[in-house]
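If you scroll down you'll find the structure; I have some questions about it.
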Amino acid sequence: MIHTSNNIRVRYAETDRMDVVYHANYLVWFETARIKMLDQIGLPYREIENQGLFLPVLNISVEYKIPARFDDILDIHIFMTKKPRARIHFKYEVIRDTEILATGKSSHGFIDRERKCVRPPQKLMNLIEVAWSS
Amino acid sequence: MIHTSNNIRVRYAETDRMDVVYHANYLVWFETARIKMLDQIGLPYREIENQGLFLPVLNISVEYKIPARFDDILDIHIFMTKKPRARIHFKYEVIRDTEILATGKSSHGFIDRERKCVRPPQKLMNLIEVAWSS
Amino acid sequence: MIHTSNNIRVRYAETDRMDVVYHANYLVWFETARIKMLDQIGLPYREIENQGLFLPVLNISVEYKIPARFDDILDIHIFMTKKPRARIHFKYEVIRDTEILATGKSSHGFIDRERKCVRPPQKLMNLIEVAWSS
Amino acid sequence: MIHTSNNIRVRYAETDRMDVVYHANYLVWFETARIKMLDQIGLPYREIENQGLFLPVLNISVEYKIPARFDDILDIHIFMTKKPRARIHFKYEVIRDTEILATGKSSHGFIDRERKCVRPPQKLMNLIEVAWSS
């Protein structure tokens, strides 16, 4: 398993008139956690795209338990619990202090500039092996 | 079953550097379709909130098949396939011409101003009965 | 002068915890009005980008007078009051019924794929001439 | 003068198909800098709203010079160059390394829950005096 967490502070722009965070913003936070995990693994997502590969979201789901609010300090935890083959799967937890506010899952597949499905880059696979055992 | 569709045009703001619509925006489109269905049923969501009730998202999922792009004209179809009890469930299809670009599901529960779970308003239940048989 | 207006309905996602529309969303609405004006002139912005030209915002300003709210039906009026030379200038009014909620201005310049400044496409200039006198 | 800066990392969600940051997002970054300045002054904005006061944007403007891009690390500098009276004015600079990518200005006025204009809270005025001379 690989685990990373990203710390965020809820922006005013992310709230809605129900006085909680608008639900679509959790997907944006999940993305910041994926970016952070790839940094930590050693292959920043920016570099993946620079090589002409992209990692779009194939499916995503979120379970909302307790609303996040303006100015909350949150930890967005991300977990890779299975080594990727064609697809990469992530799980997420949005945590405020010791409370789990929301959980989520997403699956992703690599594509090239022509949007053709391709295998994950070997460099990434190697780095995941290293990160897995550490 | 109750079925409604809402027509939207993809905004530049909704795209990302992959030259497709950023995935979180589909959740916003789903919301516009829920609003439209409640209009059609005869109890606009605005009026529900005016009475001190709110209908937050409990969980949501999206399956992305074909990317939506800038300036696409899309139909966001929404389906209520089960009559609500405590929770209301919706299914979604994002359609461009005859292609299904994405599908989704969400569940919602009514809460009051103190965020206490409450049953759906009787007026809504009655209007759903009427819409169901029509 | 060329004048176009675009009708929008305020989305829940566009509100914030002050129970009004979050101020940055007005810029997105202005963009929908620019798109509509270019449609009306006869050269959709999508086609401009398809030819490798882009029209980024150089500067923008907004004056907020009365807050827009969830579910408001608004007309976003856009005015081209000077024929473009190197730069194109737009003015905006956000109107609810007969009230002006906000006004704005923006300036734009054409660039190519290498982000080099270029003159507006001649086709657009010709179409503006036609739209101006009509 | 009071000066604060807030460090942000550009999110994928903030980019658009022109492969730069969508222009409306700069307003969101300005907001994060205002929040940070109020923290530094000693009266977090959250506490101001908890007391039933709000600080909406009255007007805002941005000058875009060089585009910000995905994954950029940016410093959002904010300056209060005049002591507030009825209105509070801020200036902004978006900086990447040593380059100024954009500048901006905004004006704000305090309102209460009924949206009536009120004077800035005395506590804030006192704290600004302290921050000014330090």
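Note that the chains take the letters A, B, C and D in the order they are written out, and that residue 1 is the start of every chain.
Note that contacts are C-beta pairs under 8 Å (C-beta built on N, C-alpha and C of every residue); 3 or more make two chains touch, one makes a residue touch a chain.
For clarity, every value in this text was computed on a predicted model and none was experimentally measured.
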Chain of greatest Cα-centre distance to chain C: A
C-D compared against A-C, more contacting pairs: C-D
Centre-of-Cα separation between chain C and chain B, whole angstrom: 28
Mean-CA-position distance for chain D and chain C (Å): 24
Chain A and chain C: spacing of chain centres that average the CA atoms, whole Å: 34
Numbers and ranges of chain C residues touching at least 2 other chains: 12-13, 17, 20, 24, 28, 49, 70
Chain A-touching residues of chain B, taken from the complex the two chains share: 17-18, 20, 23-25, 27-28, 49, 54, 56-64, 67, 115
Complex contact set, residues of chain A against chain C: 12-13, 15-17, 19-20, 22, 24, 70
Interface residues, chain C side, partner chain B - complex: 9, 11-13, 28, 31-32, 35, 44-46, 49, 70-71
